[in-house]
Amino acid sequence: MAMTVPDSIDVTALKRDFPLLTGATMHGQPVVYLDSASSSQKPTPVLDAMQDLYETTYANVHRGVYELGAKTTDLYEAARASAARFIGAPSPSGIVFTKNVTESFNLLAYSWGRANLSEGDVVVLSTIEHHANLVPWLMLRDERGIELRYLTMAEDFTLDLSRLDELLDGAKLLSVTAMSNVLGTLPPVRQLADAAHATGALVMVDAAQYVPHLPTDVTELGCDFLGFTGHKMLGPTGVGVLWGREELLDAMPPFQGGGEMIRDVRLDGFTPNDVPWKFEAGTPPIAEAIGLGAAIDYLTTIGMDAVRTHEMQLTGYALQTLRDRFGDSITIFGPDDVTDRGGVISFAFDGLHPHDISQVLDQHGVCVRAGHHCAKPLMRVLGVGATARASLYLYNDESDVDALADALDKSAEFFLV
Amino acid sequence: MAMTVPDSIDVTALKRDFPLLTGATMHGQPVVYLDSASSSQKPTPVLDAMQDLYETTYANVHRGVYELGAKTTDLYEAARASAARFIGAPSPSGIVFTKNVTESFNLLAYSWGRANLSEGDVVVLSTIEHHANLVPWLMLRDERGIELRYLTMAEDFTLDLSRLDELLDGAKLLSVTAMSNVLGTLPPVRQLADAAHATGALVMVDAAQYVPHLPTDVTELGCDFLGFTGHKMLGPTGVGVLWGREELLDAMPPFQGGGEMIRDVRLDGFTPNDVPWKFEAGTPPIAEAIGLGAAIDYLTTIGMDAVRTHEMQLTGYALQTLRDRFGDSITIFGPDDVTDRGGVISFAFDGLHPHDISQVLDQHGVCVRAGHHCAKPLMRVLGVGATARASLYLYNDESDVDALADALDKSAEFFLV
Amino acid sequence: MPGLEDLYREIILDHYRNPRNRGELAVPPAHRVEGFNPLCGDEIVLFVEVDDDGTVRDIKISGQGCSISQSSASMMSSAVKGRTVDEVRDLTRAFKAMMSIHESSLEKDGTEPDDDLNEVPDVKLGDLEALRGVVKFPVRIKCATLAWITLAQGLEETAST
Amino acid sequence: MPGLEDLYREIILDHYRNPRNRGELAVPPAHRVEGFNPLCGDEIVLFVEVDDDGTVRDIKISGQGCSISQSSASMMSSAVKGRTVDEVRDLTRAFKAMMSIHESSLEKDGTEPDDDLNEVPDVKLGDLEALRGVVKFPVRIKCATLAWITLAQGLEETAST
């Protein structure tokens, strides 16, 4: 079935690096993993990096004079440097390790937000955001009375920019996704950032779905802050990143208080440490950051251009296959052109509820997500309670897409007899 | 040299579970790891639990209908139940997974603190606290004008309780350590909690050094909140716990906002989820919580009574050995009686700076910590800038203590010619 | 390994395809209550009208959900209409007991089960028995109980006003 | 594997055992500045008095620290006394350059080195050369640079007042 397109990634070879993809089964079927937008699988080099650390080197960071402590600290700080290079950040000091990108947003809202926003100040978001880029601002609105404005979604699943200047007028921050985790849409971050800066607003980018899938350069994107999360990019759970321009981070008050983030503590006050440590209170996710560093090395070796090319091809194949095989029975929520979108494909199918589709797919070993994808406002815009979502990554190939289509056939059979 | 005391833990056998302790070297010497109070080593079953998860089962939690997602969620929630049982908590719903115990304190200070404390309200701490239980309250003091009062340290390194009632008068919260990470002191938590409750204050306990080393029962301790951290108890980095009485957690506002912690999100507001998920915004430390669960199983199999007995014996041996061999050249900061203390032994030696001691020890493969141990106010009370600290755990034995003493001899030789 | 037939019994699919008591009721006299399944986005809106003598006179359902949550709601509506609030409470308890066998064994928490479940009333579940297979699919238990939990909340609210 | 002798050269131990310029100066005319090593708790307090013609007339050191930080401070005090602020700046740059070779290769960040280090002034370090071995013990670099960073801060503060 699968047509052969020229492809820079040898997926068959690459899959061997992913134990779960080659070894695990579900209901006796090989696993067809199409839920990487929720969380990706992890290759052996990432698992090995963490295992090695714990077996040969481990000690707490920034604390020990002894060699294990020094080596672990070096590995941890090297991961920070890798993360900086991976997103084109000018220096490692702008990289703050958090526990996930959700914490990156909360750090920004608590620290920068509470220091810079007061009643009536405007933050511009969009209606296609993940809850991670909504709830922290809603909390701040409840607490401080800031005003939230929303870029809305156009008919073609892109952001409607016609009212951009109006929305940005007087705004202090624009915080938007670089890739929707529901639609796959890639908003024009550079254009948005330039418009925001022109009105004096700062720009935060939710790159949770972007950094894992596209070459990223914060200077080219033109943003001031950017967040991403380790577990969606071949890394372990428990680690995320907030990158910020250093002078902005420098000026921000601490978020969480405790060990590591201080220079001095007295019973009547404390002096914070320099960035990035100022924002890393307590023992950080050491093994997790080092695992993320290994994931970054893995992705770098393959090349993010190759990843993007592969995913565009495969997304094209998936969209084509679904449309060819299911015609009007399937509704795909997202842009048509693969150059305008990433590989997350949300759909409605034959009036079946996503939960039910996913249950049948599960029986056939196919993992897709069914739900609101932590984007309830967007679900309301789309007029659905939930969607089914298949999402692609570098280790997927056309056979995975074919398996999805075959399993969708079965669910139609099962429910619609 | 080592005298043989009856011991319920077979350390030689047990060390085999710890790859780093049996396999790693430092400067060509076998590693003598005496820095578990900073972070513990990890046994194979813990590493295997995480590796297994990633290789056979991994998917995001609470999101997927498919089997991998359901299984991972079961493992994650089972870890929560294990953590609850391990500290005698009445139900898993009181267990909130954080990234470390520092976050547990910040969660409490941000959520409970900001909802319940205003100008002039009193929080009682002690001068022997770790920065994790100081800085979040100092930040709240700067923001809200709350009053901080401190229990002080007595001559014998215990807390001075003579002014307890006076300090607690009108207090809303008492937050104290159950075991000092510098002195080893075990404050009488039950007595403190009863006194606090008698004046209407709630009680938070820093059990970062307690839960790993002593059988713990929150009902017996009589506290309302308790925090601990995975990496100090054979678990991985990246996970901690805040336990709270459920009705208190229920009444608290969310801390961080994002996915998972919500019931519904609209563009103009949100409804939080039930506890404990209300406090777990974003993708949680899944593998880390599961690793912590495996660590808890490991400790449970050995038995926390056996761990405590072993550590008391070994601490006794260590105190004796250091005093016998170094007499007046060594000053130990902490209680004399092993029933009153845990196995962290801070000391000053021969006028040498802890950094220099630790540097010589490093050359002999001995890992101890030199510094302020994130307890700068306590350093000032002790009248030192830093201490050297050797800390014991279930995998240490008398040969480790002897190696420490031998290496201390060498540092005296080196610096004092 | 349970198969799909264990989950999707014929009667469930029938209620899903032909849901009973869809719609809305005027508020008041009816009481309106909403329920969410935060994990999947399902929403249910119940309209329930209780007589002065404590009988559920009428009940209507709107909202959206999967086959399990929709059919569970539909079956529930048929089962409770005309019953007294006390009878509905017993039925709810019996239903939740059926659904929680697995859930509590899953949690392995060694704590006492929900008080509610200590004494399961001896009530015939009738058609609702068809949902028993859901316990083999733990992720879907919340789908099956959503309507019941929402109804319990609604009845509590009407009782307290 | 570097040995202890690489770190603890005889001259370092000498300055540690017999620190030069310990004490305090009256403020003013001296300027007082504190430095912390947040990782180990070392604290240094410098008192530095600069003449109107820009010469470091006197310098005194108090605080506590390890042999490396103490001896580095002691050697620094001997080296800077009587020099002009500009000469001290060059010396500081040269010293930091010596200490940062290792640090920057460690960070492997591929970014440009600190501007300050682009042009290392051609200054004789003299006794200070003894601290070169510290770069093999990266954890201790901060001990060696603490006094210098604190002095730089102090001179900046006096210049701006």
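The first chain written gets the first letter, and so on, giving A, B, C and D; residue counts start at 1 in each chain.
By definition in this document, contacts are C-beta pairs under 8 Å (C-beta built on N, C-alpha and C of every residue); 3 or more make two chains touch, one makes a residue touch a chain.
Predicted model only: the values in this text are computed from it and were never measured.
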Chain A omitted: connectivity of the other chains: one piece
Chain whose average C-alpha position is farthest from chain A's own: D
Whole-Å separation of chain centres (CA-atom averages), chain B against chain C: 44
Distance from the mean Cα position of chain C to that of chain A, given in whole angstrom: 36
For chain C paired with chain D, centre-to-centre distance based on mean C-alpha positions, whole Å: 73
In chain D, residues with contacts to at least two other chains: 39-40, 137, 140
Per-residue multi-chain contacts in chain B, two or more chains: 27, 63-65, 69, 262, 264, 355, 359, 370-371, 376
Interfacial residue positions of chain B with respect to chain A in the complex: 19-20, 23-24, 26-27, 31, 33, 35, 38-39, 41-42, 47, 50-51, 54-60, 63-69, 99-103, 105-106, 109-110, 127, 130-132, 134-136, 138-139, 142, 148, 150, 229, 231, 236-240, 254-262, 264-270, 281-288, 355, 358-359, 361-362, 366-371, 374, 376-377, 380
Touching residues (chain side chain B, partner chain C) in the complex: 62-65, 69-70, 73-74, 77-78, 81, 84-85, 90-92, 262-264, 271, 273, 277
Interfacial residue positions of chain B with respect to chain D in the complex: 27-28, 353-356, 359-360, 363, 370-372, 376, 379, 384-386, 414-415
Partner chain A, residues of chain D touching it in the complex: 36, 38-40, 106-111, 137-140
Sites on chain D touched by chain B in the complex: 1, 3-4, 7-8, 13, 39-43, 64-70, 137, 140, 143
